[in-house]
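Two complexes are shown next, each including chain A; its partner changes from chain B in the first to chain C in the second.
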Partner chain A sequence: MKLTKTLLATTALTVAAGASATAQEMADSMTLVSWGGAYQESQQKAYVEPYLANNPGVSATWDESSAEAVAKLRAMNEAGNVTWDLVDVVASDAMRLCDEGLAMELDHDEVLAAAPDGTDASDDFGDLIVSDCFVPQIVYSTTFGYRTDMVPEGTEPPSSICDVFDLETYPGKRSLQKRPIDNMEWALYCDGVAKDEIYDVLGTDEGVDRALAKLDTIKDQVVWWSAGAETPQLLADGEVFLGSTYNGRLFSAIAEQDQPIGMMWDMQSFDLDGWIVPAGLPEDRLARVMDFLKFATDTQRLADQAAYISYGPARESSAPLVGKHAELGIEMAPHMPTDPANATNVHIYDYEWWADNRDDLDAKFQAWLAQ
Partner chain B sequence: MSVMTLTPIEKKPLSFALPVIGAAGAFAGLFVGTSHGSGLMGIVVGAVALMALGFVALQVLGLSMEKPVRWGIIALFTIAGVLLAGVPGFVLGVLFGWFFAFFIYWIGEGRYRANLAPYLTGGQVLWHYSFRVLCGAIFVFLITPILVVMPLSFNAENFFTFTPEMLRFDPAGYSLKHYEDFFTSSGWQQALRNSLAIAPVATLLSVSFGTLAAIGLSSEHVPFRRAIMAILISPMIVPLIISAAGMYFFYSRIGLQGTYMGVVLAHAALGIPFVIITVTATLVGFDRSLTRAAANMGADPVTTFFRVQMPLILPGVISGGLFAFITSFDEVVVVLFVGSANQQTLPWRMFTGLREQISPTILAVATILVAISIVLLATLEMLRRRSERLRGMSPG
Partner chain C sequence: MSDTSDTGPVLAADGTPLKRSLRRALRAQKMRALALIAPLLIFVLVAFIAPIADMLFRSVENQIVGNTLPMTVEELRDWDGEELPEETTFRALYFDLFLASEAKEHTKLGSRLNYEESGVSSLFRTTGRDVDDMGEVFQDALEEISPEFEEAQVWYDMMSGGEGADSNERLLSNQIGRLEQLESDIYSGDVGFVPGAAISDILPNTARAYSAFAAFVHFIDEDVVAEEDPWEAVYAALALDLEDPGTVTALATYDGPGADILRQAAAAELPPVDMQTAFIESNEDWSRVEYWEVIQTYSPPYTTGYFLNAVDMEKTTEGIALRDEDERIYGILFKRTMFMSMMITFSCIALGYPIAWILANLPARTANLLMILVLLPFWTSLLVRTSAWKVMLQQQGVINDVLVWLGLVADESRLVMINNQFGTIVAMTHILLPFMILPMYSVMQTIPPSYLRAAKSLGATPFTAFRRVYFPQSVPGIGAGSILVFILAIGYYITPEIVGGTTGTFISNRIAYHISTSLNWGLAAALGSILLAVVLILYWAYDKIVGIDNVKLGG
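Entry: the complex of A and B
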């Protein structure tokens, strides 16, 4: 009888201890969502592998679904079964997810590491925190690359965004992204609109027509792309003379694949990419994700990432730590979109303006494409 | 080799032969011309050159010189090919030369009528051959995309491009690095393991359930046979994306979404229609009196099934199983919905890889998958023949 009582008591104690331990414990696996390719590889090398080395017994699985993250998170939320722990999205998607309540709002100073000199995370990231749910990782840009061997003889290589619209000096096909963002702004800029008036002009019907009319002048020479890998492929094939894509893709084609491609940074369009945490994660998974997030977005980790891909770290304190390419040994700083030499004339696209006008302009742009 | 000749052949007048040969030359010239900048020029040059060749071969030198003339034409085309396009031109030149050497005599000497019935009119002869050319063109149209993939998978560069080195047949332009990438990358290997873990189990389930359903549905006393059949084969007819979305929400609710078992069950549901259809087809030729005879001799239904019915319908079961296997192995839509990152199959990885990173590793995988598919389909065809043979021997 006594024995039974003791046994029961110990069991109860063990159960209680077990329960309290689980409450603080972190899940031992994470599902990270990203874009695949060289970018995901840079995340894997710069912060996932070091994190897993520090935390033996934890595993991370990648899901290359960032392209449809918004739709999938909606479906997961509806089905009540969120299987993702941390999702890499562009800033505009993060804003949408935050508005819909699908991403968790974060207190950046509390959940993220401070800079080495003690600056708060929110000051270190600065303006790049465009949404309460968003933890920026990198600054990338959509810019142009051209075939150096297809520049007409006796002409300078293209150096201005308006060379894209100049079919006489630079004949040949161009590849542009199949969406109005950036293309409309570039068209207006090259039609003589001052940079700070672009969105005012684009806000009117005449402005939209004006941008489309400018795009009309090159329409039959344009190949429209929708995946970032397409322009490097088209350039490598010599199918197009110049084309827009993410600057990291061009860097990889030039520096890693030795393609005869040159960069044209004029009016490059900055954009942000970063993490969001899906809303409604169970406690143990959330604890693990927060632990990882704090590690993965600290100053050193973001600087490390730049050794694998030419995207600028989102923290100000990371910039001085950017070193050489991990395999090629070339200095990475001059290949960053944020490098002063590259950023002489940049286009900052207006998230809020596009959030308000996107549906309308998408419809007009698609109708124009079909004409 | 003896070729049976149905119709005595005779030399055709030059007024017929030369224009036909010229037209073929113009057609070939169009391609060569287009690749060198001027299609029209190619047409004219091709037509004139071939007509001249035809005239020399048929009229000036005649039939007695056929062998040397044929070799001459091949040599001529080869030299022209090399001059126009180097090493690839050499290969094309040999092929074109070989074809036209044959074609000139085939038309000029009227050999094309040799194997046709003598009473056919000119129009019927023309149709006979245009039909074959059309079929060939459709075949080429269907198969070319697959064939293009294969050499590209040996590309030494990380792009989907036939590099100048490849076109020169320079060994430096080729490499096995994309195959190496496939066999060494943990992501691809995990995907391969997932595919190999999911497909066989899904196939096993499809085959068991599908065969049972087919046998049940082919006996007359089952009520609502047609309706049940329609429901069971609906995954084949309903657009995949709809099944996938439905499965996603249903499986999420019962906790199967994102699990290995969930993907297996989903793929089994997709594979069952194939098994039902092939097994039902074999059952049509199955003589029911055999099962009654077995029962009469004291065998219970299970014994009857395994000893009598199963061996006879086995080819149908296996071909259905192969279809189910390929369905699961090639399926991307449903697994994207029902699976989670831990169940990434080969097609899933190829899909995401193609969208985000156009890497020729996908081509290497595609080539391997095509090879597997060919082996499976060849097996299928052999089984079908065996089944036909068996059915021919079975009573009734």
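Entry: the complex of A and C
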């Protein structure tokens, strides 16, 4: 707790000092936390390597702990020894870390670079700044992939989210994430609830029952996943006909591994991933990490990242700069969840609503699963 | 031989009495022995006993509500829970929440109470953003009356009562105590401000709010109190004090610093203090009695709430009740964990016993070779073995492929052997089998083969000889293996997570979920404590029935 206070004071100082922060003493190493795999690789190539090239003598270490970041940060904070400098988390986790006082609140315009045309960072990121502690990096989506060779003969490939619930036309197993988020919304949508009323309906007990009843119709055909790599594997093995996962995972199964998998973007669920700075960093480490953060989230760096992975840059000004895949040489824009052709019908999930209702719905969802 | 008449104490070579010298030597030896085990002792204390104690404590600890909203909790103590609390409660909540939101502690409380009632989290978050505005009307009004209310120094002089005035140390130390509880920290040192005794009699709310502000500015912002503009809450407190006609009368004769502007403010028309409306305007959920009930129910520093939740019950205003049927999950999971752990233990006995017997009865060379086969999977990564079972058991997996190829199963109706209880039992039996075989083997090795031969030569059939002579001697091995396997199985987590699907998961998967995803550590601790208690009870029952002395891990 003492640390938090020193931090608040030092933050005020650094923020007030603004541009003069570079003059401060900076630590020469950073510990960055991310998800591992292709995503972390894209961060390494797009921001970390260029940053280290510009700042010789600085080193960066990765910790692949983003999946347990909230719990670990809480434990570190209780122990009074925060060893991480910058943590990559999904937006909902950033909100919780901010709520718990484990992440530092930032003034986005002060600490982040403006767009090349001078637009303030907060306008450039726009609505994607869902929490005061959160610096968005990418927009990803949870969407569906299906086995092109398992589509029943004479039928069109699935193109609507409701095809997931249509066992007659599209028999076979499905894989869905083992959590209520997204699944409940999709179920209600396919049960005839208008998109803008989904959360109103889900807020009532009848609405929850209705969503679970819809999911009941496919329950015995569902394989529930908890790690993002599971669905691509299940699709590759032919264990399931279609399944939800993060769009970047499907992209790499399709484009890099040549699997017979097709994308179904209908009602893809947009989500965000970005950085938070842990609360309680000593002054020199904070100065270093702020310097890195400013560099790593500027317009060019976010656009560069898209050359390695099919996630959309969070800055509006980065979108026109998205080019080709670094190794495969294919145009990346059509593979982005934000591409207009893919984003004709998207589901924007309501962070605030889920922050409130997660505990309750999760109990109901898990009880339903266990029955 | 020399001087037998000397009856004094026997002396050691250096002249000290032998007894003392001996004791000293022994003590040194004991200390040496203690020093030898000290690393282990410290390790066990730090890494084992302390975390368990901490976990047990977390499952009942609930000080956050009282620490964050002390005055509200006090006000709610006598609330009947029927109608919306009165304005005084809303005022208490305003001052509590203002300090909490300055310290950024209110959202923590929101997420704590959200475990009990959905929606509290955003209630605290949104209102936390609005509390600044609630006091602003009073600030504007007061500054309108006299621009002097804008001055930090004026406020400082007014609240300290000026040089040499009697001071109210108690009020300040109360507020520091409140801040200490809120921040779970200890503060000492001079704040650089003490409220005046006279002014804190006349303006009790203002003096309290300003003292809290002063303590916060000094200890947390580390600024000088006299130079900082007071919070909006201080203005609101002053407006509240001035509503009391007694204050106005008292002010008439008051001559401390700022008396004239206070009289000016008392004479003027201030907006009425109506926190109830302000809160409900900020978030209309404040008008819902349920949320107040949650704050009231969970206000004591210790709670049974987590344990109740862990057994599918909840606290309601009518007492303790079972949760709605569609929210009951832990009962199912505890029963399932027990049942499956037993299934796994029995499967391990059934598969392990013959293997251990063969190992114990083969010539040493062959036995060693077979032993390596038993140990090889034991040395392989748990994740690798579990994933291998996935490849074996899945519908497009090795076993199904073979069955289809043999024509035993039609291609359309491949067996479902994974993502269910069957998959978990198979994979965990395989993983835990060495823990059963090894103790059995070491016990069986000590059973002389001549006993069996003797039984047979006395006329027993091979089966009777086994049942009456061999088996009873091997029971300690079975006991040891069963305890090992069962206790390991009951807390298993990774394998059920990977191959368990929805029907094959254990209670430990929920514990992991609450630790890492929902962050409800209290509930995770309660579930863990129950699991620990169950294991201890089973161990005790085992000791009563079989006797723990009959358990042998080796010769």
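Methods note: the second predicted complex is superposed on the first by the 348 of 371 C-alpha atoms of A that agree within 3 Å, B and C clash if a C-alpha of one lies under 4 Å from a C-alpha of the other, contacts with A are read in each partner's own complex, and residues count from 1 in each chain.
As a working rule, a contact is a pair of C-beta atoms (placed from the backbone, for glycine too) under 8 Å apart; a residue touches a chain by one contact, two chains touch by 3 or more.
Source: prediction; values computed, not measured.
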Following the superposition defined at the top, how do chain B and chain C come out on chain A, clash or fit? clash
Can A:Pro334 be said to touch chain B (first), chain C (second), both, or neither? neither
So, A:Asp237: does it touch chain B (first), chain C (second), both, or neither? both
In the overlay, answer first, second, both or neither for which of chain B and chain C A:Pro152 touches. neither
Please tell me which partner, chain B or chain C, touches more residues of chain A. C
Looking at A:Asp359 after the superposition, I want to know if it touches chain B, chain C, both of them or none. Which is it: first, second, both, neither? second
With both complexes superposed on chain A, which partner does A:Arg96 reach: first (chain B), second (chain C), both or neither? second
For the superposed three-chain model, which listed region of chain B (25-33, 115-123 or 169-177) is the one that clashes with chain C? 25-33
Identify the residues of chain A that lie in both the chain B contact region and the chain C contact region. 67, 237
In the complex of these two chains, what residues of chain C are touching chain A? 104-105, 107-108, 110-111, 114-115, 118-122, 125, 183-185, 219-222, 326-329, 332-333, 336, 394-397, 419, 497, 501-503, 505, 510, 515-521
Once bound in the complex, which stretches of chain A touch chain B? 31, 33, 35-38, 61-65, 67, 75-76, 78-81, 83, 227-230, 232-233, 236-237, 257, 259
Quick check: in the complex, which residue numbers of chain B touch chain A? 157-161, 187, 248-249, 252-253, 257-258, 340-342, 344, 352-353, 355-359
So in the complex, which bits of chain A are touching chain C? 1-2, 4-5, 8-9, 67-68, 70-71, 74, 96, 98-101, 173, 178, 209, 223-224, 226, 237-239, 352, 355-364, 366-371
